[in-house]
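A short write-up of the structure that comes next.
Which chain is which? They are A, B, C and D, in the order written, and residues in each are numbered from 1.
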């Protein structure tokens, strides 16, 4: 299995933020986690609210730990809210089940990490994240 | 009261995983808890998401601590979500109330432990768990 | 980087327990974590106290998260107790800094997981763990 | 009061890592917090243990929240360990009181954030952090 590198993470973060600026989004916060759910890199743009680390982290963390995209987590939460609540109990409240959490895969499809983006609408967050991951030559599953 | 043994647990886990492979399920994670709700044995198949221990554990833990099957817990959660949320507050968020959590009973009907299976749909998780428990000569109540 | 497989984990656990029985140790509990600190497999022998999962986990978890062996963690705790207390605060109290926590490396020296053994003296726990890891053809650093 | 900017944070992180590489240190992890103790940016070099975010964060967090440098916190912990334990109770275990936690001040001496560095010895972590902060034209108090 490939590992997500700090060079990958730097490209993902810089390209996600650049995409957000090009789209005219509010200031973004972007986290990159490794395949174990541990923080590799993070940036919070000037003007973003101070609590954005936890939101970005929560979007990405659920992707790694459950192997589900943010979009899939949201669908499950809408169908079966008590299940996602229970999942969050099991993970110490660290899962934020909405779009903007994206699984990162290597060329063989193995999960090598996740990206979490927050700051604008969930759909815009997701669009910026996918652009950032593509810029690093990786596959995003959001 | 009989106690669930490590030999029981090994048979349950191996047979649950074999059943899942035979059914063509996604990679499974299987935990066996004793009558006190404490982990006796666990395996996570290659390819399962890293957070699956917490989900498997949460399915089994509620079975032992509440004396309710995963199926019964789900029914209660759907009728009275706030109640299962409150239960989870009392149990530190460790209860995941869906099928795949199975009470294990001895021949007299006494609870001697529980099994939690996660990885595919809740219904498929449950079917594999019941096969694993039966392979150990025990009675599963899911 | 290689990944620790469920086959590796099964061999490590079976061989650690066999070694403990050969050495005449008390009943052992053995956990195998992956490179992200997530549980891959666990067994608690009949006769071991119910809380042994948390101790085995805590020995292995610190190895992965800090990149330090259980022996090195104990040395640091003895020199600078407040530091290991603070580390434990940062990791939610999950680190048990004594021998019996062993880093598992691949042939290139990369950390691919950790093993935690508890039940007898820390030194005996470590000896059994190293035998189990060697039986899987891997390198243990304890 | 000036605020620490994302440009400041990028320079601090890049320069701290460059300094560590120049000094021949082990792979570093570097966090920059704002004046409210909230994460602004973070990087973990390839090869660093996965748990390093929590340690870097803990070094910087105590600096902001207590207005004490990592060096001063260590002195207090060595004199009065129970006090720093109690502080950690109040702060949810998030304070790691050793060198490598550095207060960042503006030209008027106001605290605008903190940097936390971990990976090598505490003294080397501190030296790299001070170099990174100086490279951003700011004053580090370690």
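We adopt the following convention: a contact is a pair of C-beta atoms (placed from the backbone, for glycine too) under 8 Å apart; a residue touches a chain by one contact, two chains touch by 3 or more.
Because the structure is predicted, anything quoted here is derived from the model rather than measured.
Undergrad: Overlay chain A and chain D by their C-alpha atoms and let me know the rotation angle in degrees, rounded to the nearest 5.
TA: 180
Undergrad: Averaging only over C-alpha atoms, locate the centres of chain A and chain D and give their separation in whole Å.
TA: Centres of chain A and chain D (C-alpha means) sit 25 Å apart.
Undergrad: Starting from the mean Cα coordinates of chain A and chain C, work out the distance between those two points in Å.
TA: Computed from C-alpha means, the inter-chain centre distance equals 31 Å.
Undergrad: Please work out the Cα centroid separation of chain B and chain D, and write it as a whole number of Å.
TA: Distance between chain centres, rounded to whole Å: 44 Å.
Undergrad: Using the touch rule from the top of the page, what residues of chain D touch 2 or more other chains?
TA: 50-51
Undergrad: Line, ring, star, complete or other: which describes how these chains touch one another?
TA: other
Undergrad: What pairs of chains are touching here?
TA: Touching chain pairs, listed by label, are A-B, A-C, A-D, B-C, C-D.
Undergrad: Mind listing the chain C positions that touch chain A in their complex?
TA: That would be residues 1, 3, 34-38, 92 of chain C.
Undergrad: Considering the complex alone, what residue numbers of chain B touch chain A?
TA: Interface residues on chain B, with respect to chain A: 48-51, 54-55, 57-58, 77-78, 81, 84-85, 88, 92-98.
Undergrad: Within the complex, which stretch of chain C touches chain D?
TA: Within the complex, chain C touches chain D at residues 35-37, 64-68, 80-83, 85-93, 111.
Undergrad: Could you pull out which chain D residues touch chain A in their complex?
TA: By the definition above, chain D touches chain A via 3, 5-6, 9-10, 34, 36, 38-46, 50-51, 53.
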